[in-house]
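As written, the chain order gives the labels A, B and C, with residue 1 at the start of each chain.
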Amino acid sequence: MRLSRGIVALALFFVAMAAAPLFLGDYPLAILILVLFAAYLGQAWNIMMGFAGLLSLGHALYYGLGAYLSAALFAHYGISPWLGMLAGIAAAVATGSAVGALSFRFRVGGVYFALLTIAFSEFTRILFDHLHWFGSSSGLFLPVTGRAGADLVSLRGPTVMFYYLLLAATAAVLLLSRILLDRRIGYYWRAIREDEEAAQASGIDVFRYKLAAVALSAGLTAIAGVFHAFYYNNLYPETIFAMGRSIELMLPAIIGGLGTLFGPILGAFVLVGISEGLTSLTAGLGIDGLKQLLYGLVLGLVVTLQPGGLWPWIALRLGLRGAMR
Amino acid sequence: MATHKPQTLSRRRVLHAAAVGGIVLGSPAVLRLARAAEPLKIGVLLPRSGFFATAGQACQRGCDLAAQILNAQGYSVQLMNADFESSADIARTQAEKLIREGANILIGCFESGATNAMAQVCEQRGIPCIVNIGADPKITEQGYKFLFRNFPTSPMLVTNGLKAMGDLFAASGTTPKTAVLMHANDTFGQSMLGAITALGPKVGLPFTIVDTIAYDPKARDLSIEVTKAKAAHADLHMVVTRSTDAILMIREMVKQKYEPMGIVSPGSPGMYDGQFFKTLGKYSDYCITNIAWMNPKQELENMLAAEYAKAYPNEDYELNIGFSFEAILIAADAHKRAGATASSALVEALRATNIGKRVMIGGAIKFDEKGQNVDQAVAAVQNRDGKAVVILPTDVAVTKPVFPMPGWQQRT
Amino acid sequence: MLYLNIILAGLLTGAVYALMAFGLSVIYGVIRIVNFAHGEMMVIGMFAAFALYRWLHLDPIAAMPLVAAVLFLAGYALQRSLINRFVTQPEPIQFLLMIALAMVLTSTMLIVFGPNAHNVQLDYAFDSYEVGGLLFDKVRVFAAAGALVGAALLWGFFQFTRTGKAIRACADNNLGAQVVGLDVARLYGITFGLGVACVGAAGSLMLLLVDVQPYLATDYTLLAFIIVILGGLGRIGGALLGGLLVGVSEALSGFFIDPSMKSMFSYGLLILVLLLRPQGLLGRRA
């Protein structure tokens, strides 16, 4: 990789993010954690939709599997969340592959595929409402006491520990996406995204590469679920597997720019920024619901003005042509 | 309609009341209060929009009135309100925000996921918090050192609720042999079910539960659930409802001509909501709920009830209001005794809480080592002529219970 | 007899579900936009019927044509001004627009009507007929009848009117329709208006069965999707079949297994149909 303006800008960005906790209090840090969760998940979702053109509206499923498996293993047997994470990833990859394999085998595509992902996610939500090992609908709690300093092995620690974990994960997925896009798999994905039949005709194993996108995206999403479980310490099927979570999770990638590398990260900053800004702005007015009203209007406005996403538009103005993709 | 109107009104009232409070503070009789010159900043974290908006806005009304009434009585509190949009993730950042903006104590959150988020932030920052509503027993089992809960846990609700049922049967001279239990399958419903199964035998239930029917709390339709309950041919219909599901259930019971001896809840919302009375009319009558309730024999309660009727003539006066009022009262009282807003002083004062002049039925508000108020009594309220009235215990009862209830067609 | 009653309850509920799903089916069948604000639009219909009842004491059944007419105009205007720009955008972009719209609608309803549940008090709300041991719930019978009338009207419109035929032509072959000089933008506007009118009508009837509050919507959107997919997206008869199927399957699974798991069976059914017959039970292979 040539040391282009884009690389320098990116390096500066990550250095600034890494230094941020030194200057910021707990509240801005909590906000930045929301940004990083959104950025990371947006990137993970983007692998399926942005790169391979597969619309998933049920990513809460993989998120929840990661969260629940690691949390339950820790709560019941004291198994380290890192081992739990492996279990969570395995479960998410297996489930994602099964959903993908079934859909692709039966040629379910487009909107139908999207609805199928919702169906699996909602099915699992109601199932978990009835699984007592996972706390059923009364919730799964992680013990929060006896927390002296950061314990990286069992993921017990202060906000700043989760901040750095999420920052590292976000950087890692950015790098991974970049590498994959430059490899054969990345070209195949984009070929499938643009025209699946043409890709098939030119000898690409469409089934296999689509499955790879689903599996990778699901596995990465499960990692964020593990961080969620150990950051928030309590899980309910109603909120973890919620349809709303699946929706929230894809917004950064769409707002930032589908299929772009930096889009989801930018989108996360923009969305969380708008949300927090509107909360402060409307707090004194005492009109409940006004914030969501304005948030919806801003979202609609952005997507009407820049349906291609914000990042391509900004990158063009910053002269970062190479980073547009 | 136009719910924001009364709120702005009340805010003006609060300012007015605060001014009055200031004058009272300056008088010699309460001079020793002058030590606490600095008002207590209370962060109020509630779901005023989103799925739990109904309850969140009700709790907010209770808090607003509490600040107004208590400031006029020589306490000194200032509310900082935050809406967490019924999302636990937002609750966490809003809790951080309230503390950053100078809140000395937090109150919330109605919903247990958000309550845990608030408790964890408070624990990390060493700021006390008070749970206004929340029955999940796990909240006080997490070992939080800065958390205090006035609301009864579900085992407490159920123990007292089942005992109250025994009293009811004794008072009416009719004891059912069998019961069917219908409950919403959510956090609250599950913890109530757990408590009923665990505690039922210990309390010595006079009846056996022949069937348990769990339903989706967001159910669009309860016809099948009621058909199933009817098919169990039980004497008593026991329920754990949430809100409008109670209406769906009764409507189906009327249509399907299912007439058990009585409809009793061992401690859940739904059957005393204003909407329940308005929608069901005569069919809302005779349902019984065993729940913590406002004590009409307390002076403070009468004041709250009167002020509430004045400020919000179109809104229900129910336990969300009472418990939210008490949460502010507990904070204000601790602040008054501590004479400071520092966290350590507040926590120490909270541990020594002993408030006899309160709003809800029960002994004085005191917290055990887990931060739980253990002496929270449960009353039986029965719907009579479109109103929930206390029927038991006899010392606070307004009227006598009617059990078994008259059939649907025998009502006028 | 008990089982017959359960199946009957399922069928009646299913008919109302079907009415709600027609709108979604019509819009997707023609414009190819997935209306993720569907449930929100139905809740608006419910609130509109509620407002008419509050102010004019209009029975929701009588209010139905009025609500449908108002929502038709709103839907037409919305399509022409905003949604038409998104017809050619990729699905996620369309999806985001609809989500934003849903947020705006829900929070507007919260601000205007407050969070409390509202409903209408009718003197026949608790009536039921008993015919030879079978229990007919009066409100559901009315609602189901309304749904069938709605379906018949829609079918007639698409089968016999000029505009209806033109819309079908658009749906079958968009390019061809443009070539022969049909005003596709106007037809899309009418279609969207019709779809929204259907949901609004369904909302009026739904008010007889369920109390309205701003946060009902999401579950209904998903339910409508299950129904139209089961029957076949874009087919009116399909939505009817899907509705009845979901109604009966929920009733049976609720009775025999566990009521709190009944939606799980609907999703299970949806998964099976999507995999084995993605065009729906009545649909044609594209």
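The working rule: contacts are C-beta pairs under 8 Å (C-beta built on N, C-alpha and C of every residue); 3 or more make two chains touch, one makes a residue touch a chain.
Everything numeric here is computed off the predicted structure, so don't read it as measured data.
If each chain is drawn as a node and touching chains are joined, the picture has every node linked to every other. By number of C-beta pairs in contact, A-C leads when A-C and A-B are compared.
With centres taken as mean Cα positions, chain B sits 37 Å from chain A. Centre-to-centre separation between chain A and chain C, using Cα means, comes to 32 Å.
Multi-chain contact residues of chain A, defined as those touching 2 or more other chains: 126, 129-130, 287-289, 291-292. Chain C has residues 107, 110-111, 115, 214, 258, 260, 263 in contact with two or more other chains.
Contact with two or more other chains is made by residues 3-4, 49, 53, 56-57, 185, 216 of chain B.
Residues 1-4, 49-51, 53-54, 56-57, 185, 213-216, 218-221, 223-225, 227-228, 231, 243-244, 247-248, 251, 254-257, 274-275, 278-279, 281, 283, 408 of chain B are the ones touching chain C in the complex. Interface residues of chain A, counted against chain B in their complex, comprise 25-27, 30-31, 34, 126, 129-130, 136-139, 141, 143-146, 158-159, 232-234, 236, 238-239, 276, 279, 283, 286-289, 291-292. Across the complex, chain B meets chain A through its residues 3-4, 7-8, 11, 48-49, 53, 56-57, 81-83, 85, 87-89, 92-94, 96-97, 99-100, 112-113, 116-117, 120, 123-125, 136, 138, 142-144, 185-187, 189-191, 194, 216. Residues 2, 5-6, 9-10, 13, 107, 110-119, 121, 125-128, 135, 137, 209-211, 213-215, 219-220, 223, 250-251, 254-255, 258-260, 262-263 of chain C are the ones that touch chain B when the two sit in their complex. Per the touch definition, chain A reaches chain C in the complex via residues 49, 55, 57, 102-103, 106-108, 110-112, 114-116, 118-120, 122-123, 126-127, 129-130, 243-244, 247, 250-251, 254-255, 258, 287-293, 295-297, 299-300, 303-304, 307.
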